[in-house]
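The same chain A turns up in both complexes below, where it pairs with chain B and then with chain C.
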Partner chain A sequence: MLKYKGSSKLLLQPTSTDQVSQILQYCNSRCLTVVPQGGNTGLVGGSVPVFDEVIVSLSLMNKIISFDKVSGILICEAGCILENIMSFLDNEGFIMPLDLGAKGSCQIGGNVSTNAGGLRLLRYGSLHGNVLGVEAVLADGTVLDMLKTLRKDNTGYDLKHLFIGSEGSLGIVTKVSILTPPKLSSVNTAFLACKDYSSCQKLLQEAKWKLGEILSAFEFLDGQSMDLVLNHLDGARNPLSSMHDFYVLIETTGSDESSDKQKLEAFLLGSMENELISDGVLAQDINQASSFWHLREGISEALVRTGAVYKYDLSIPVEHLYNLVEEMRSRLGDTANVIAFGHLGDGNLHLNISAPQYDDKILSQIEPFVYEWTSKHRGSVSAEHGLGLMKANEIFYSKSRETVQVMASIKNLLDPNHILNPYKVLPHSFIS
Partner chain B sequence: MLKYKGSSKLLLQPTSTDQVSQILQYCNSRCLTVVPQGGNTGLVGGSVPVFDEVIVSLSLMNKIISFDKVSGILICEAGCILENIMSFLDNEGFIMPLDLGAKGSCQIGGNVSTNAGGLRLLRYGSLHGNVLGVEAVLADGTVLDMLKTLRKDNTGYDLKHLFIGSEGSLGIVTKVSILTPPKLSSVNTAFLACKDYSSCQKLLQEAKWKLGEILSAFEFLDGQSMDLVLNHLDGARNPLSSMHDFYVLIETTGSDESSDKQKLEAFLLGSMENELISDGVLAQDINQASSFWHLREGISEALVRTGAVYKYDLSIPVEHLYNLVEEMRSRLGDTANVIAFGHLGDGNLHLNISAPQYDDKILSQIEPFVYEWTSKHRGSVSAEHGLGLMKANEIFYSKSRETVQVMASIKNLLDPNHILNPYKVLPHSFIS
Partner chain C sequence: MKIMVAIKRVVDYAVKIRVKPDKTGVVTENVKMSMNPFCEIALEEALRMRESGFASEVVAVTMGPSQSVDTLRTGLAMGADRGIHVEFASSLYPLSVAKILKKLVQIEKPHLLILGKQAIDDDCNQTGQMTAGLLNWPQGTFASKVVLDKEKQIATVDREVDDGIETVRLNLPAVITTDLRLNQPRYATLPNIMKAKSKPIKKFTPEELNVEIKSDMEIVQVTEPPKRKAGVILSSVDELIDKLKHEANVI
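The block that comes next holds the complex of A and B.
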């Protein structure tokens, strides 16, 4: 997005937890600030060295330590690239409980530190549920070994959760233990058209009942998103015979090919009859399924080809979610193109506003409106991207003052010299 | 278990968060200690007033605040009894993601504060994944409103996790927001016999693949457990025609009666052919299914009728789990009866040692051996029961000294006068 430019004179690449510990101990004793860095694929500047921070890259800590086929529990170092873990598991007949567009370069330590969401959250839940243990190094070099491989462990405070989603500001995650689900053989994908947002919503509700335990993705994109990808993304073509206002991509994953397909077909037929969907196509093979996903996953790529993009990643209760998009369109008129898509099953809207170039006048039409609107509906101003540098000061739109105060106290407790990922996550007024 | 006797002169029953806040503010300013109490069904003395603590019971805060049928998200007060919430949801076509024997009296606030596990964890995961938000009152009366209803919210540290499983020692949970799954119509239950523990293990592995997304429980009991229930539990009868060394209860939950049943039958047939199971019966109706569950859930009740019971709730990697039981039997010989059952799918063993009366000689044969053995296998000395009063000093068997040090620092930060649930969770040497 060309928004941030890193500025650092030193990159360190430790190869062991002990080295990470020594680096932090040294930096802490001299009050040198540090930016932990995984695949550097974040969207909010969380892994960017703002001034002269030392970069601690986990890239060389990329070993898979163990995998237990009975329990499906994997232990690996933080620098493992998500896609490499996926390939490893695929051979063992398992999958990662998370998947996201950046999988080719993002690292599991970064995924954990930012509590990455992505495409499988609807089915498998968040990393707070799937990560069974972490090893993390505190600012003063203390190594916290919380690398359990147990589904149940109620022996005191479950401190690993402090390191899931705190964006490297409380410690550096060095190892991860994660529960992986078995790879189920039957995957079906459908690309559907709905006449309005209300139909998308009802379709989601029906899908939860009728597809139940096999539903694994429920993504939506609006007509503007479709126009965009068809015009700016290589290899994109509309699988339906005409254009519509809303599209939904449904995926099911199960263990029985014939009964799953039968269930999905019955669901689609019923939804046609109820007029919840106006058109649709069921992928006949894996290539066609990939082409459906290409439309949904290619939106971000298509967006950067059209000029400047203002990106918002919001959680909003599903019933109100699209109202924001419509209000934004009427605020901006012809000055910008409003593109809306996201993980509807999770109430997660990716709102993108595309303009020929960055323009303060456009920005003032968007912010703080978009944050105020989200806050008013008790939503989240960052559903999955995190706060990083970009949104640290917007935290009060989603968290109460008292809660942020406790966050700051915990930061002061664990990192009293504020050496870890400065200027990120916490609002500047609370850290000084 | 007649192990603890409460000792308190004052029970308060606040009816609102504001009252909880006023109580804590008052107690904190005068250094009066407080025990938060839900249904008082815990097994480790966590809700017992040890000396003269003020009991703060949440029982009168028992309102369901809202339920959203599109998302399945419920918000309620902490004092709601689990079974009442279940009945409410049943009418709406949803279920709670947790279920446990104490459901008739335990309260959701207590469930969250102790991170209750129970029977549905295999399918729906832990409360760290399902609880979307909490409202909690800190020791000084500060109300933390973290009552989000969003599946995704990456705006700073997710502090609600500090209150899930900290057994009321960091704050009192007053409201809970929780994601509830749709109630699926097709439930099937099978009661099976295995010739040895190794077969139980292999059966679990097969079940994960073959039953995949419909597997909802995988419980086991050994021959000694079965003898016990058949002799001491009203209405218990063996559904199989002979006695065996191991029994497994499998439950599937899905959305399609005929395909689910077909899948389970094929799985059972295959397992018979592979000699993983030696006998088995598939429940023909809900009454027969209940009678299977009665055997598994009635073990604790049968145990208290036989005299003294030493109870251990352990997480151990599945492959080693039953070795502990065998070693314990050879240690104890004829002096006590060793009963083993549990949630095999989660690696959770309930190890119970029953003797005519409590006897220090027997105890010295059991402890610290049981904890040392568990620790050596990187298990947990409290899988789901928590530490409470009973196991606070055993924490080092499951957590490193550094981790306990951070726990103590957080306790000091959030409750500097140590008024909340004293003598519990943290080892006495760390709190003084």
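The block that comes next holds the complex of A and C.
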């Protein structure tokens, strides 16, 4: 992205929890700051050493420890690359409850630490539900073994949740146990065009009713996103014969190919008659389904090829979500290209503003407007990317002072010397 | 002019194939089945011929168990006008398929029979050739380009052969089998999926067509290819030379 340039003199690659513990113990005693790093695919600078932090990379802790076929519970080390876990599970007949564009390099420890969302959240829920246990090392080297494999465990405070989504600011996640769903054989994918945003919204409502338990993804992209991928992404091909203002990708996952397909076709044809869909195609094989996903997942890659990108990852009630995009377009006029896509099913908008180069004038048109707007509509300024370096100071747009105060107390308790991932997550002024 | 296209239901090309533990074949339960990619190309070519006015009707034919109708519906949703399903529950080998196709050609009297060059499941690459032989029709196999002359009733076919491209001219009626680079098949659009539901599918059994299904071939065993050994990262050029000398024995 060329947005963050790290600076560090030392990278450590521990191979065991014990080594991570020793590293932190030493760093804590000398007040050396540390940045934990997984696949370094984050979008908010959470894994970037800002000044001189010691990088602790989990890459060599990449072993799968155990998998229980009966319960579907996987235990592995934090450095396992998501895609490698996926192919391991595939052989066992299971899938990961999360999937995202960066799967080829991102690591599970990073996914858990940032509470990554992604493409399957609509169906399987967030990592707060799917992660059954973690092993984490605190700033002083204490190893917290919370590596349970229980779905139910109401004994005291459920501390593992502190490490899911705290972006390495409270401890380093070294092992995780995750509940994985079975791989169902019947997956169907449709790529649809809608004439306006309100149709996309109604289609989502209808999909929840009519597809119910088989609905596994509901993604949207606007005409500008489609234009971008078709022009800047290798192998992108418009599955529809003409251009439209909005596109929706629907995926169903179930256990019975013929009944699932029947259900989906009935839903699609009904929606076409009701004019919620203006055109659409239904993948006839896996290859066609991947080519639809390629369009949706390839937007970020295509964006990088067009110059500078300002990325915003916002949770906004679905009803208002696209108003922000339109307001942003009228603010920026011709100076930048505003493109919008995201996980409509989760009310998660990825607002991207692309310009030939980074320009303070453009930035001042975007921020703080985008945050203020989101806050006004009771949205979140970070839906799934986290706060990292980019948005540490923006936390108040989504969280009250009192809430952040409690977060700061927890930070001070678990990491009194503030050695873990400094300048990230919480406003620096607030904790020191 | 009428075009007949043969299509086959196979394990989806993106599925990781698993061999059955008893080595009698590959696992197909709970596995995604789709139209053979070469058949998709064959159908696409026929549809383009119809759209450019060379043909007035495209008939899609498939053979196999009742689920093969799904594949036929896909063909109809892509644009074929009607379908023929020859129902047969167990394996069919190329010669049997060719005999059935011959009978269907005699019933339907198409001017052109287009097939994929091979199916990705058994990789036989024989059906097109055998059918042409039984019908005594000319054949243009591995087509990467087809040009039709409606007046002269001639098809000019570019064939992908080892030395490059061979161009042959065939008098119609003829058999054409398609290679990968002939075209890029279309998607099934919702309006076409809707239309496909009311398109007719005629059913036959091999007995009704007077074809006796038998095979002189027997599958003895199906096994997975040997696993490739993982590569190793060497630390120095000296180590590489040592390995090339003493382990690979190539220098």
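Keep in mind that, in the parts below, the second predicted complex is superposed on the first by the 432 of 432 C-alpha atoms of A that agree within 3 Å, B and C clash if a C-alpha of one lies under 4 Å from a C-alpha of the other, contacts with A are read in each partner's own complex, and residues count from 1 in each chain.
By our rule, a contact is a pair of C-beta atoms (placed from the backbone, for glycine too) under 8 Å apart; a residue touches a chain by one contact, two chains touch by 3 or more.
Here the structure is a predicted model, which means the values were calculated and not measured.
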item: Touched partner set for A:Leu282, first chain B, second chain C, both or neither; value: second
item: Touched partner set for A:Met272, first chain B, second chain C, both or neither; value: second
item: Which of chain B and chain C A:Pro239 touches, first, second, both or neither; value: second
item: Touching partner for A:Ser290 - first (chain B), second (chain C), both, neither; value: second
item: Partner chain(s) touched by A:Leu32 [first = chain B, second = chain C, both, neither]; value: neither
item: Contacts of A:Thr253 with chain B and chain C, given as first, second, both or neither; value: first
item: Partner chain(s) touched by A:Leu414 [first = chain B, second = chain C, both, neither]; value: first
item: Chain C versus chain B, contacts on chain A by residue; value: B
item: Contact residues of chain A, present in both the chain B and the chain C interface; value: none
item: Interface residues, chain A side, partner chain C - complex; value: 90, 185-187, 192, 237, 239-241, 257-258, 265, 268-269, 272, 277, 279-288, 290
item: Residues of chain B touching chain A in the complex; value: 68-72, 93, 114-115, 117, 121, 125-126, 128-130, 138, 142-146, 148-159, 161-162, 164-166, 170, 182, 184, 201, 204-205, 208-214, 253-256, 259, 262-263, 315, 317-319, 343, 346-348, 378-387, 391, 394-395, 397-400, 402-404, 406-407, 409-410, 413-414, 425-426
item: Residues of chain C that touch chain A when the two form their complex; value: 12-16, 30-32, 34-35, 37, 70, 74, 77-78, 184, 187-191, 193-194
